[in-house]
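The same chain A turns up in both complexes below, where it pairs with chain B and then with chain C.
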Partner chain A sequence: MFLGNLDSLRYFLPEIAVTATILLLVVLHVVSKNRESSAPGVLSLVGVGAAILLAGIVPPGAGKAIFEGMAAYDAFAVFFKVLTALATLVVILMSMDSRELAGRSQAEYYVFLLSTLLGMFLLSSATDIVMVYLSLELVSIPSYLLAGYLKGKEKSTEAAMKYVVYGATASGVMIYGFSLLFGLAGSTQVAEIGRALAAGKAVLPALLAAVMVAVGFGYKIAAVPFHMWSPDVYEGSPTPATAFFSIGPKAAGFAVLVRFYYTAFAASDPATGMWRLTADVDWPLLFAALSAVTMTVGNLVAVQQSNVKRLLAYSSIAHAGYMLMGFVLLSPAGIQAVLFYLVVYLFMNLGAFYVVVVVSNALGGEDIADFTGLGSRAPFAAVSLAIFLFALTGIPPFSGFIGKVYLFAEVLNRGVYWLAIVAGLNSVVSLYYYARIVRAMFLADPKDTSAILVPAVPRAMLALLVAPTLIFGVYWEPVARLAADSVRMLVF
Partner chain B sequence: MGFIDSHILSLMTFLPLLGAAVILCVPKGKDDVVRWIAAAASFLPLMLAVRLWFAYDRTVAGVNVANQFQFVEQYSWIPSINVEYFMGADGISMPMLLLTALLSFLAVIGSFGIEKKVKGYMALFLLLETGMMGVFASLDFFLFYVFWEVMLLPMYFLIGIWGGPRKEYAAIKFFLYTLLGSILMLIVLLALYFNTTNPETGGHTFNLLHYMAQNSHSAWLKGFDVRVLMFLGLFIGFAIKVPLFPFHTWLPDAHVEAPTAISVILAGVLLKMGTYGLMRISFPIFPDVTIWFAVPMAVLGVINIVYGALCAMAQSDLKKMVAYSSVSHMGFCLLGMAALTPVGMVGAAMQMFSHGMITAMLFFLVGVVYDRAHHRQIDGFGGLGAVVPIYTGFVSLAFFASLGLPGLSGFIAEQMVFLGSFEVFRTLVIIGALGIIFVAAFHLWALQRVFLGPLNPKYATLEEINAREIFCLAPLGLLVMIVGVWPMPVLNLMNASLVRLVDLVKAVS
Partner chain C sequence: MARFLESVNFADPYFPVLILLAIALAMAVGFVLLSQALGPKRYDRIKFGVYECGVDPLTPAAVRVSVKYYLVAILFILFDLETTFLYPWAVLFRSLGLFGFIEMAVFVGILLVGLVYAWKKGALEWQ
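The block that comes next holds the complex of A and B.
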C-alpha cells in the first residue's frame, strides 16, 4: 500500500525543514551584505536542529511506503536521519569556529552542507533505483563543492577534481548495474527487483549487477579498492568538511548499502528472523573479502602517514572495513552492530577531527610533529584527543571498544572466524599509528612550550563529544536497544 | 560497617579511581597535596585489605561454586547481553588482592621522589591500581576483560612519560604485545559467550562460574579441537603477561625503562595476572585441555627458569638482571601449576605471592642506588658494603630471599613447587632444580661485585638509604622473613581453593 504524494508529506517533515533552511540560506545570501556574518551558520543550526526533532516525531511503527513507493519511512531510515543530522550539527559548529573557512562566503558553504544532508536523508530511505541514484548524486555533487571550497588552495582544488572524476566513474558503473537490474526485473522498485531475482535464474547478469552496484556504494563508504579518492580529498578539504565526509556520507552509504542488498539480493526469513540469499549470488563473500582488504589496507597505509588528517582518512577507511563485517552476516544482530558502531564512531571520529581543527587553528598545521607537546601546551584538547584515539583503537573503557565487541561477537556467532582474526590483528596494527599521535602529544618534548589557548566554545564541544565516548563505554544499554530497534526495514 | 563489608571489593577497586578524580581537581603547583591524596587513596584499600584478611573464611573453597565466594557483589550491568557486575573473592584471588593493596601503597610512597608532572603521575597510578584490583576481584569475564585492558593505558603513559632513555620504545612495545594477547582473549571470550548458557535463564552468559560447569557448553564447544584452540588463545594472552618464553621480550625493555615504582608494580603485580588468569579462567574452564597441555606448560616453565637465570647472569645492568630474574621466577609458578597436584598448585600460588614481595624489594633497592649514583652498571661499583651498611643489609636480604635461602619466603614456594611436581615430571624438575644454581650464581656474583671487594673511591661518600625508602622496604622484608619461617597463615588462605581447583581439573580424566 503506497502513500500518495500529499499523504506522504506527513512523513517527510525533516526533509522539508532542511529544504526550507536551504531556501532561506539562498535568500539570505542574496540580501546580506556581510558575507562573513555568522547568521547563515546559526540559521543552519536551527534548521538541522529542527530536522532532528522532526525526524522522530511520527513514530515509524511497521513503516510506510511513501511517494508512491519511491522511499520508505521506517525505523531504519529514522535512525540514519537522526545520525546524519547530528553529524551535520556538530560539523556546523565546527565550521563556525574554523579559521580555514573564515573570510569566505558563509551562506554558500552551508547551502552545500545542508544539500548533502538532504541527499543523505533521501539516500537512507530510498527504495527505488532511480531514487537511489538521484539521492546519491545529491550527496555527491555538493560534496565536490565542499571539498573544493578553499578556492585558490592547490590541494583543495585537486581534492575536488579527484573527487569529481572518481565519483563520476563510480556512479557511471553503478547506474550500468542498475540498468541490468531493470532489464532483469522490468521495474525500478528495489523490492520488485528482489522478487524477480528470487524467481529468475539469470545468475550471471545478477552477479554482474551486484558487483557494479558495489562499486557505486563502495565508493561512498570508501571501501578498498574504491577508496583512492579519499586520502587526497580528506587532506585537501577544509577540516570540518573532512570530518563531515568521514561520517555523514559514509553512514548514508551504509544505509543504502544495507537496504539495497538486503532487499534486492536477499529476503528476510520470518522463521529465523535472519535474511537468506535469494539470487544465487554470493555477495556476502565478496563483501567479506572487501571488508578484510579494506581494514588491512586502511590500517597498513595509515601507519606510514605523517599528516594527521591523512592518517585519520586512512583510519576511517579501516573503520569502514570493520563495519562491513556486520553487513555481510545477514543477521539482525549484524546490522545492529553496524548501527551501534556508527553511533559511537560519530562521536569519537568527529571528536578527533575537532581537535585537529583546534590545533590547526592555533598552529596552522596538521602534521604529527605539530602535535608535539600538546599534552602540556593544551592539556584538555590533548587528553580529549587521546581518548578519541584510544576509542578508535577499541580499548576499554571507551565506546569504540563496545562497538568492536558487538561486531566481533556477531562475526564469531555466525562462524566467520577468519574475518574476526583479521579484524583482531588489524586492531593491534591500528594501535601503533594512533599511539604515534599520542606519543607526540605526551611522550615527546616540544621545542615550543608556550600554552595554546583553546576558546570556550571548542572546549564545550569537545566535552560534549568526550562525554558519550566515555559514557557509552561504561553504560551502553540504551544505544544497544536503539540500534536493535532500528534494524527494522520496510519491504513492500 | 555494613555498607563497607558488603561493598568491600568495589571500594578497594574504586577508591583509587576516586582519588585520581580528586587529584585532577587539585590546582597546579600543589604537588605535596597531590602526593598525600594519592597516599590516602591507596592506603584506604590497604586498610580494607587488612579487613579482608581477618574477615575471610578460610574453610570454603570458592573456585567454581558461586555461593562459596565471599564479599560477593552481583548486579546486572548490561541486561541485553547479560553482562554482570560480578565480584567476589576466594583463595585464588585473596593473596593477589592483598599483594596489590600492599604494593600499590608502598609504590605510591616510593614515588614521592617523582618531581615531573606529579599530578598526572599519581592520577594514572591510581587508575592503574583500580584496574589491577578489578582484575583480581572480577568473576564476570567481560568485567575482567575491561579491567585487564584498563590497566594498559596508564601503564603506557607511566612508562612512556616518566621512564628512562628508551621509554617510548619500551612503552609502545609493552602496549602492542599486551594488546595482541588481549585481542586473542577477546575472541575467545566472545566465542565462549555464544557457546555457553546460563542454567537459570537459558540465555548466554559472561559469568565465569557458569563457564566452569562443563554441561553449560554447547556441542561445538565440546569438540576437543575447538577447546584446544580456545585454550591456546587464552594461554598466549596470559603467557605474554607472565611472560613466558618466547613471549618475554617486552619485559626487559619495559622493566628497565619504567620508573622504579612502576617496575615494582609491573613485576610485583602485573606478571601475576598471567598466572592468575590461567588459574582463574583457563584451568577450570578447559580442564581436559589443561591435562593435555600440562607437559608443554611444564617444559615452558623450566625453560623460563633456566633461560631467565642465564640471561640474568649475562646482564651488566642491575635492573635488567632483576628483570630477568622475574622471568626465571615466574617459571616456577608455571611448573608448579602444570603438575596439577595440590602441593604444586599451592607452591605456584605461594611463589606468586612471595615473588611479588621479593621482586618489589629488588626493584626498590635498584631504584635507591640509581637515584644516588645515576647508573646501574654492576661493574661500576665495588665495596659499597663498607659505605652503606644498612642498604647492603636490605640488598642481601632481598637477594637471599630471591635465590631461595631457607628461612625466607622464596624457599618455601620453590620447595613446594619442586615437591609437588617431582612425582609428575622427574626429569624436568631435576633440570629446573639445576637452574637454581644459576639463580644463586647471578645473585651472589652481583652481590660480590657491587658490595664486596675494594671500595670504588667514586662512591666513598654515597648517601645511606633514607627513612622513606626504609619505610617502603621494611614491611616487605619483614613479611618475607615471617612467611619464610611461618607460612601457615598464607597457605591456609589459599589451600582450600587450590585443592578444589586441582580436584576440578583432575575430575575430568
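The block that comes next holds the complex of A and C.
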C-alpha cells in the first residue's frame, strides 16, 4: 500500500533535516561577511548529526512505500542513511581543518556536501526508476562541484571536467536502459518492472537494459570497466572530498545496485530463500567476472602509484571488487557480507584518508616520500595509518579481516572457488603496496626529522576511527547482526 | 550461433526495433563508404573551406561566449519551471485547499532562498 505525500513526511525526517540545513547554509553564506568563520561547518555537523538521530527514530518494521511508491522506508534504507551520514560527519570534521579548503567559501562547500548526502539518502531508498535517476543525478552534480572546488588549481578543474563527461555519458546510457525497461513493463515502478520481466518472454531487451543500467551503477561504485574517471578525480579533488567519494557515493551506489537488481531482475524463491534471476543469463558468472576484473585492475595499478591519494583511489576500486563478490551470490547472506564490509570499510578508509589530510596539511604534499619517517615525526598518526592500511589489506586482528571472512565464506559456501582464489591472490598483491607506505613511515630515514604537530581534533578523530577498526576485529557480532537485520528490503 | 538463433524470439514486439537499428546502422555506414568509393575527389582550397550558407567564412565559429549568458539562462530555466508549477496549482487552487497552499509556499520559499543567493552573489548584475 502506498502512503500519500502528507503521511510520508514522518518517514522522511532525516531528509527534511538535511534540506533545512542546506537552506540555512545558503542564507548564512549570503548574510555572513566572514568567509573564514567555522559557523557553516558547525551548522552542517548539527544538521547531519540530527539526520543520523532521526534516521532510526521511526522503526522501519516491514517497510513502507512512501510518496506514492516513489521511495521505500525499510531497514535497508535506514542502514544506508546512517552509514552515509556517518561518513559525511567525519568528512565535515576533516574539511573544517583542511588547509586546502582554507580561504575558500566554506558555506558553499558544505552545501554541495550536504546536497550529495541528500541524494544518497534518496538513492538508497528509491523504488521508482524516475526517482533512481533523479537521486543519482543529485549525488553526481554536487560531486562534480566538490571535485572542482579548488578553483584555479589545474588538477582540480581537470578532475571536475572528467567527472562531468564520464558521469553524463554513464547516466545517459543508464536512462536509455530505463526507457527500455519502461517499454517492457509500462510502469516506472521497479517492482512492477520485476513482475513484468518475470512474466514476459522479452529476454533480449531485458538483457540489454540490465547491462545499460549496470553502466550507470557501475560508474557510481567505480567498478572496472567504468572506473576510468576515479583516479584522476580522486587525485585532483580536495582530499576531504576524495575521502567522501571513496565511501559515500560508493555505498549509495551499492545500495541502489542491490535494491534495483534484486527487485527488478530477481525474484525470491520461497523454497530455498535464494534469489533467482529472471532472465536466462548466467548472471552470477557475469558479475563474478566483473568483480574479479575490478579487484585485479584496482590492485595491479595501485602497485605502481607513488601518490598516496591516487594509491588509495585504486585501492578503493579494488575494494569495490571485493564487495561485488557478495553481490554475485544472489543470497541474503551475500548482501549481509557486503553491508558488513561497508561498515568496516567506512572506518578504515576514512581513517587512512584522515591521516593523508593531516600529513598534507602539515607538509603540503601526499606522495609516499612525504610519509618517510612519519613513525618518528608523528608517531600517533603513523601508527593509526599502519592500522588502517593493515585493516584494508585484511590482516587479522583488524576489522577488514572479518569483513573479508564474511565475503569469502559466502563465496566458498556457494562453491565459486575460482573467485575466492582470485580475491585471495589480490589481497596478497594489496599487502605489497600498503606495506610500502608502512615501510616508508617506519623503516626509511627521513631527511627532515622535526616533529609534526597533530592538532587535538584530528587526534581525537583518528582515535575514534581506530577504535572500531580494532574492536570490530575481535567483537563484530553486533555489526553482523545489524547487517543481517538490514538485508530485509521492502518488495511490494 | 545456431543455438543463439534458436534462443532469439522473432515474434518479440521489440524485434522490429532491432531490425530498425540494424538498417539505420547499415545505411549510415553504407552511405559514408559509398560516397568515399564512388564520389569524385577534387581536393582544392574551396573544397576544404568551411561551409557557411554559401558565403565565405568571416571569423572562426568557436568564439568565447561570456559566462554571464549561462548564468542568466540557468536562472531563466529555474524561474520558468517555477511558473509551470504555479499555473496548474492556480487552476486547482480551490480543490487543493490549504494543503496545496502550504506545499506551494514551501516550494516557492526554497526557490526564494535561491533567488536571494543569486542576487547577493551578483548574478543579476550585467557589467
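Everything below uses one rule, namely that the second predicted complex is superposed on the first by the 490 of 492 C-alpha atoms of A that agree within 3 Å, B and C clash if a C-alpha of one lies under 4 Å from a C-alpha of the other, contacts with A are read in each partner's own complex, and residues count from 1 in each chain.
The rule is short, and it goes like this: a residue touches a chain if its C-beta (ideal position, glycine included) is under 8 Å from a C-beta of that chain, and two chains touch if they have at least 3 such contacts.
All values derive from a computational prediction rather than experimental measurement.
Participant: Both complexes share chain A, so when I overlay them there, do chain B and chain C fit or clash?
Facilitator: fit
Participant: Classify the contacts of A:A467 with the two partner chains as first (chain B alone), second (chain C alone), both, or neither.
Facilitator: Neither partner.
Participant: One more residue to check, A:S427. First (chain B), second (chain C), both or neither?
Facilitator: In the superposition, A:S427 contacts chain B only.
Participant: Looking at chain A, does chain C or chain B touch more of its residues?
Facilitator: More residues of chain A are touched by B.
Participant: Quick check on the superposed pair: does A:L204 touch chain B, chain C, both, or neither? Answer first, second, both or neither.
Facilitator: So A:L204 only meets chain C here.
Participant: Based on the superposed arrangement, let me know which partner A:F401 touches: chain B (first), chain C (second), both, or neither?
Facilitator: Touch partner of A:F401: chain B, not chain C.
Participant: What is the angle, as a multiple of 10 degrees, that the CA centres of chain B and chain C span when seen from the CA centre of chain A?
Facilitator: Taking chain A as the apex, chain B and chain C sit 150 degrees apart.
Participant: In the superposed arrangement, does A:F390 touch chain B (first), chain C (second), both or neither?
Facilitator: first
Participant: Between chain B (first) and chain C (second), which does A:R481 come into contact with in this model arrangement: first, second, both, or neither?
Facilitator: Touch status of A:R481: first partner only.
Participant: Determine, under the contact definition given at the top, whether A:I57 touches first (chain B), second (chain C), both, or neither.
Facilitator: neither
Participant: Measuring by CA atoms in the overlay, how small does the chain B-chain C distance get, in Å?
Facilitator: Here the least C-alpha separation of chain B and chain C stands at 33 Å.
Participant: Which residues, counting only chain A, touch chain C once they are in their complex?
Facilitator: Answer in residue numbers: 5-6, 23, 26-27, 29-30, 183-184, 201-205, 280.
Participant: Within the complex, which stretch of chain B touches chain A?
Facilitator: On the chain B side, the touching residues are 77-81, 117, 145-146, 149-150, 152-153, 156-157, 160-161, 167-168, 171-172, 175-176, 179-180, 183-184, 186-187, 190-191, 193-194.
Participant: Which chain C residues qualify as touching chain A in the complex?
Facilitator: Residue list for chain C touching chain A: 7-9, 12-14, 17-18, 99, 103, 110, 113-114, 116-117, 120-121.
Participant: Which residues of chain A touch chain B once you look at their complex with the stated criterion?
Facilitator: 376, 390, 395-397, 401, 405, 408-409, 412-413, 420-421, 424-425, 427-428, 431-432, 435, 439, 442-444, 475-477, 480-481, 484
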